[in-house]
Every structure is written in C-alpha cells, then in structure tokens.
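Shown below is the structure under consideration.
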C-alpha cells in the first residue's frame, strides 16, 4: 500500500465492507444515482425557485446553489449569504428537492444547517483542517471536493479527518485538477474516480462543470463519469446562463439538462448490463 | 479562436467538412472502430504471433508491438530493432492483422515501411519536427501521440506539420499527461478527446494503458474513452504480462481483453442510441 | 496588464508609491532584512526557548514556531495549541525576538493575538477567504504564503482581500509550488519573487525550507532568494532536527544557521554594490 | 539513492572524482565561467556578425544562434539552415568566439560539425534517444537542455545515453519547466541546479531567457543562477530585439548584456568569498 494510505482507519474499503449509503429524505446516496443540479450562485428568490422547478421536472433529485461564494477576486460577487440560504429553503419547500450549499466558515455551520441537507466543502478548502474537524463533530452529510492540486491520497486523508471525528457521512467529489492544459478550466481526472471506487466505500460524485469550464463539454464528460463508476453528478444549470452572476461560461441551459438526464438513464442501464459480461 | 489555432490551414474541421477516413486493407479508420492491441515490445517470434492470434480471436483489428523502444534508461531493453520488424511481418502473415509500430529515427522510415501499416510517433517525439516533416513527405498513416506535457493546441500544430507536407493520413492518440497525481502513471485527459472531436476532422484514438500504468484501470478508462467520442483504442495486451520485458504493470491478460472487446461492443451501440436523444 | 490584475486597487505599485514598511518593535520589515528562524512546531518550553536563544545569537531577528499545525494526516502531530502559544510568549520574554505563528481558524485570532507579532496564513489557506477577510478587519501583520498551486495573480488577489478590509500590513511569502519535479518537495519559484518586486509594494519573504524539503539545499536557495530581491527569509531551524516532531528532513542545524547568516550578510552588501552598476 | 539513479554508471559524481572540464580553444568549461550569448535565430550575415562583435566586446565568451529552429507552428520562421551555419562560421572568423547551435536531425551532424563547437539539444529533443545515441558516437561537446516537463532523474539518464556511447563531453542546461504559473513562460528551477551540482560532475549552465520569456527578468534570474552554483549562462541577446524573427519578447538589448556581464563578475567573486565562510 502506498505510504500516505497506511495510517488510515476509516475511509478504506477494508474497514467497511459495505459501501456507505447516506439517506436524505427518500434518497439513498450511494445506491440511488445522485443528480445534483442548479446555479452556481443563488441570485434571487425567483431565480432559484424557477431553476429548482426545472431541475425537478427534468429528473434531478437535489438542488445546488451557492449562498457564500469563494471568489478569486474580492471584487467579484460574493453571494447573498444568509438571504441566499432563505431562498434555498423556499426552493426546497416549493419542490421538495433536498439542498446542497457551500460552507466557507466554521461559524456558519448552524445557519447553513437550518437550510442545507448536504454541506459542500469546496476545492480551496479541502485542506482547511479546522473546517474538516468541525464538520466531523456534526452528523451533517459533507460533500468534499478534491483540491485542484491535491492527490487522491491527500484527499482521502481529508475525508479521514471528518470520519475520525465521528461523522461517517462523507461524499467525495472529483472536479478536475490544474494541469498544463489551459483549453479547459481544469482537467477532469476520471481515473481518480475509478481508483476511488476500488479504494473507498464512500460515494463518489463528479462535477463536469468546474472540471471543463465550458458548456459544450459538460454533457460528454458527465456521461464519461458514469462509465468511470461515479455515484452521482453535480451539474451547474441556469435558466439564463449568459446573465449569470458567476461562472456564466460553464452553466448549461435547462433544455440541455433535460437531454442530459435522459442520456444518463440510458447509460446507467447499459453500465448495469456490462457488469454481467 | 485561441491564438495558437489561428494559423492552421488543414487540421481544423472548417477546412475539411467530412471526417478523415483512412483505409487500411478493409478497415476504415474514422468509420470502423479501431481496436489496436498487442504487447509493449516485440520480444520473440513466438510471443508476437501468439498474441496476434489471441488479439484477432478476441475481435481486435490491428496489432501493435514495439521494435524500436524509447526507454528512459539506456540500460533498459531497447527493442529487437529490424529483427522485431520481421517478426511483426510474420504475425501479419499469420493473422491478417495490420501492424502499427513506433518510429524513433528518420533513417528507419524505409525499413519500417516494409512492415508497418501505421507509423506511431511516441509522446517524447511529438515535437520532433524533423521526424514530423519527413513523415509528412510520405503517404504512410501516422498515429501521433500527445506529448506528455503538451497542450491540445501544440498537438494540433504538430499534426499540421505532417499535413502541411502533403500527408493527410494522421490519427491523434491521447495517452495521458503528467500532472500532480502520482497514483496513476499519467492522467488520462478525456476532455481533450471531446475537444478534439469538435475541433478536428482527424480520427482520435485513446491509449488507456500508458495513461493509467495500471492493469486494473485499463478496462474502465477504455470504456470511458468511448463515451468521450474516440474512434478507437490502443491497448497493451500480453500473454504473460508478469514476464514482459517492458511495462509489465500495465499490460493486460488476453482473457481480460476478450472481456473488454465484448463491453466495447455493447457500449458502442448505446452511444449510437444516445445520439438520437 | 493581465486580466486578473485589472481590478486590483491596493496591492499594486501604482497605488502606493513607496514600498510598504511594517514596524514591529525596532524592526522595519521592508527596509531591514527579515531573518525569521525557528522550528516547524513548538514541541516544549525548553525546546522553543533553547532554539530562540540560538536564533538570536546567530543573528536572526524573528522567531517562528507552529502551535496549530496543518497536517496532511489526522494522525500526525497537530501542534500544542494554546500551550504552544504560551511557550512562544516565554521565548519572546527570554530573547526579545518577535514571534510569527500560523493561524488555521478564525476563532483563534484573539488567542494568537496575545502572543504573535505576525500571523502566518499557510499555503493551504491562501484562498480561505473567510480567514483573509477576518484578518483584514484587524491590524495584525499577516504573512501570506503562496498556495502551492496558485498563480502570482491569484496570490495578489488574496493579499488584496486583506487590504480591501482595511489592513495594509501584508507580507508575501514564496514557499515553492507543486510541479512535475519530485526530487525536491516543491519547486522554489524565484522568478515569482522578481515579478512581485516589480508589481507590488508589499514586502516579499522566501521560505527555502518548505520549498526544497531538504536540509542540504536550504542554504543555497536562501542565498539565491536574496539575489532575486526578497526582503527576508523564513528558515526552519531546530536544535535536534533528527528528533523533530514534524518536517525533520528540512530543518537545519543551529550551526548551519550561524553560517547562513554570515553568508546572507556578505551577499546583501554585494547586492547593494551591484545596484550601482 | 532514488530508483531511477540506481543504474547509472557515468554521470554521477561517485564515478568521476573530478568535475568534468571541456576544453574549447582556450576556454575550459567547468572551470572558466561560460558566458554564451547571441540571438535566438541567425537572421542574416550582418546581424550575426554585429551581435557577435557586441557579445565579444561585452565579455561574452561563446556565441549562440539557431540555424535550425524547432517552432511550435509549421508556419513560423524555421531558420536559415545551412546558410545560417555559414554565417555562424563567418562570425567566428571575425570574432574568435566559439559557436553553439542547435541540432534537430541526426542527418545534420556533419554539416553542423563543420561550424559548431558545441551542439545544443533542445528541450523538445531531450528524450530523442536516436539523437542522443548518435551524438554519443561523436566527440562533439553537447549541451543538453532539460525537457520542459522532465525530472532531474530523467534528464541525467539522457546525459547517460551520451556518455554510455563514449562521448564524455556533456553540459547540462536548465531552462525552466512548465508549471501552473503562466506569468512567466516557464518556471526556472534553480533547486535543480543545486541538486545537480551535488549529484553530477558535468558542468551545468542556466538559460534565463527561455525560463522567463521576459526581458525584464533575465538579469535577475541570471544572477540568481550564479548563486545556485551554475558553471555558465546562456542568454539571448539581440541588437534589435523588437525586430527579431523569433522570441522577440525575451531577447535583451546589447547594452543590458554589457551591464549583466559586469554584475556577473562582481557576483562571482562574492560567491568565491562566501565559500570560505
């Protein structure tokens, strides 16, 4: 076994025979295929409810939307904060979709806990060990994105930080790594998904939106991810991508999400068929 | 359009409405799905013929095998050279499979031309401009692997070198790039395949063996590549991987190749079906 | 000007004619050459006081020592926490050396503020925007390390986060980036220092210990950094490196620090002389 | 010892107690400090002679100039070829400066051998093993540039290819590696120089021009390289950089080269002084 995996006590398959399943309402993450969709940022009540309804109708089973936004520049839109959380709550009331949203600060756990079903830890905070430990002391499900320059082993150690504090509800999310290729925003590392499905019992989700940074590549990479063995997808969907307040290049149109869901379902049944060969 | 693509005159889709199709015997590369398989290195007459027969039987339609080997160390096995070419020729006579083998030196074009149907230019020679120009003056089909730290745009410019000299028969092969991840030998960049299928009319092949460097990941990544839109696969297959004289970690067993071919066929028909959505 | 620098309002030279000078006791950072030294972690009262005395005697002018340690594995030594802060305070009382120590959690600002003269924000927290904003609301000097996969432009934007909240006391610290080279722990990017000295009025410090991860390279890279134009060095020094509880490979012996300080002084005077050419 | 260095038989210090010294005319490379300067490309007889005279006068001791140019695009200036070699020969006759020029193709060895004192193997050809072996069969000194994504260990193995064929006259040249930083053309890896000076007896030269890709950084990085322990510098100098047919951004003015040489001399004497500490 590789060195950095030697001391792990929780996240590896050998410590947990069955795959981890996380129950949220009627959704069994790890068993049911997770279809997270929604805008990069919550921009208004109308916007998030409208998109939530579209996501629901298309067949998505979870709503994403950022209220606290980690932005490279201090002068970019920083999110609506607590107001954004309120809008997400309303969107859930309207549609019944569970909510995932990002946490940036340990002091926001309570506020976010009022509204979110899953806490997202973003790529820049993967090694924010204070945040990992604090989330480990709760039972809230955590979706832990891979650091954009983190190895698989470092990532598993970060998940271990959460489990080691007593919270077993961790989902890993591959979202691309920074490489010498600049045509795409990042390079989606699907081998990492295949590796993780061998190493760990935790569910693995793929985010093709941040990985590619380009609308026109999202569908193809989402479908590839299914063959790599992922347990779900997180896709940025907007009703008016060209007017989005952040990440406008990579959010897809609702009509394209509808199409994507259909293809996902076709492909999932083929993946099952192939397993019997 | 991105800067480095601006001056291209041949490889982009807009200069060549139809996808390039390269005919080798009865095989139409670009239309038929290309299934290249075989050992890293030609090691003996018996070895290459035996593997060729297995590849043929499994459903592969082209044989690979290195006679001239580019090795990091001068003290590693450097290939059988011209003798290796003779063995490849015999393997073709026995099985009818067309041959692909690597060229390292412009002075070997004639010798390799006696035996090979496709010349492979390896990752370390992607920007060996002398070799590119010289191959451009022939009509031999060339499979041009991506440099392990080359961008998509640099790669397309290298293909352009060949077309610009008059040889239109170029196939691109994604084989992984060097990144911060060390668990896999390289990081397979499937977004690059999706990007290329939008930008160029040239066929695109994927090599999951060098990309992952690990037997147990080859099948999964090969299947992902199909969904990314590739026109073929190049897979290292050996009858006794553990005894191979090079790359023993990444060559798969014949029985696993048999299984892979079956899954490829199932998946190809699903990909067609999804296109109708 | 490059895109990501366009919106900056504080950190660029054009907004602040004179170089920033930060006064700590009698030390004028930005004018006087800053010589930070000390162990990776505070391990005991005796250890930190002993090393502080050695650093002082050698000619160092600031003591480093981690009380809260960001470690890749949850099972590695996590630092002594508040007890460590107390030991640092005593070391200051004994030697008069000002203190720099790392902050991982916004909730520790007050505690650390009782003891530290400079707050260090580590490589993994460079884009911990909550922490940046919170430090921006204080007047405590902040040494902001470069993210190990961050560009110069992203780094300057993170400094801008702090200045934009009202705190002008920011020092940048280059500590190596993750690259394809694995012989060294990271790759020290001295061009970044040269670039920063052209772009920004903020002081720039170099940490050759984390950059190289190897004792035997620390002196040479520290001296190179001076020629690159840095305003100071942060060097890991231990009285018994081989027994250190963290980073034992890269901490240098006290006797080697003594030698380094002598060379630094010789070189600084040459750098001044060269400026007159 | 790290794995990839285990099988080496020639390039490591332990096989060759004294540092390698290569004699060219009166120049002892490895002992005398090598100051290579000249344009990226030979553009005309007048241009190269004029620059050669300036380089000589400034204190440079070797002239560079590309006759065969490896260009990313087939539509960029490809060099004057054999005519360029003739011009280099005349420049040598005029100034007495020995010549270094790049080889791209094994078939050009004889022609280049008529004119050049050192053969340069460029970054893209570092692992062109045919070329390495062929140069190993000659006695021509070879300056082997580091591949832009090659590790130190791979690089030493490439030097070993040349020595293993019988040619001991190899100089290594660090010229930057491709990283996540895009502000500079590459990232100059000066730790690699420090590492090489510990591992190998071969002379090590640094090229700050390709490393940075920016005129304004060349001087600073050249001086840093001296402190890192290099045995020489290769700097692109042009009489009219803004009109250069290639690399116009990174070639420095003659007047700046004059200044650089003065600073190099000051710094070299300080480096000697520091060794006595």
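Couple of notes before you dig in:
Going in written order, the chains are labelled A, B, C and D, and every chain counts its residues from 1.
Following the convention adopted for this analysis, contacts are C-beta pairs under 8 Å (C-beta built on N, C-alpha and C of every residue); 3 or more make two chains touch, one makes a residue touch a chain.
Everything quoted here is computed from the prediction, not taken from an experiment.
Looking for a copy of the C-D interface in A-C, A-B or A-D, one arrives at A-B, which has over half of the same contact pairs by residue number. Taking B-D and B-C together, the chain pair joined by more C-beta contacts is B-D.
With centres set at the average Cα position, the gap from chain B to chain D is 34 Å. One inter-chain figure worth recording: chain B and chain C are separated by 48 Å, centre to centre, where each centre is the mean of the chain's CA atoms. Looking at chain C, residues 149, 178, 180, 182 sit in touch with two or more other chains.
Chain B contributes residues 4, 7, 9, 70-75, 104-107, 124-125, 127-130, 148-149, 154, 157, 160-161, 164, 178 to its touches with chain D in the complex. Per the touch definition, chain B reaches chain A in the complex via residues 2, 149-153, 177-184, 187-192, 194-195, 198, 211-212, 216-217, 220-221, 223-229, 259, 262-263, 266-267, 270, 273-274, 277. The residues of chain A lying in touch with chain D in their complex are 149, 178, 180, 182.
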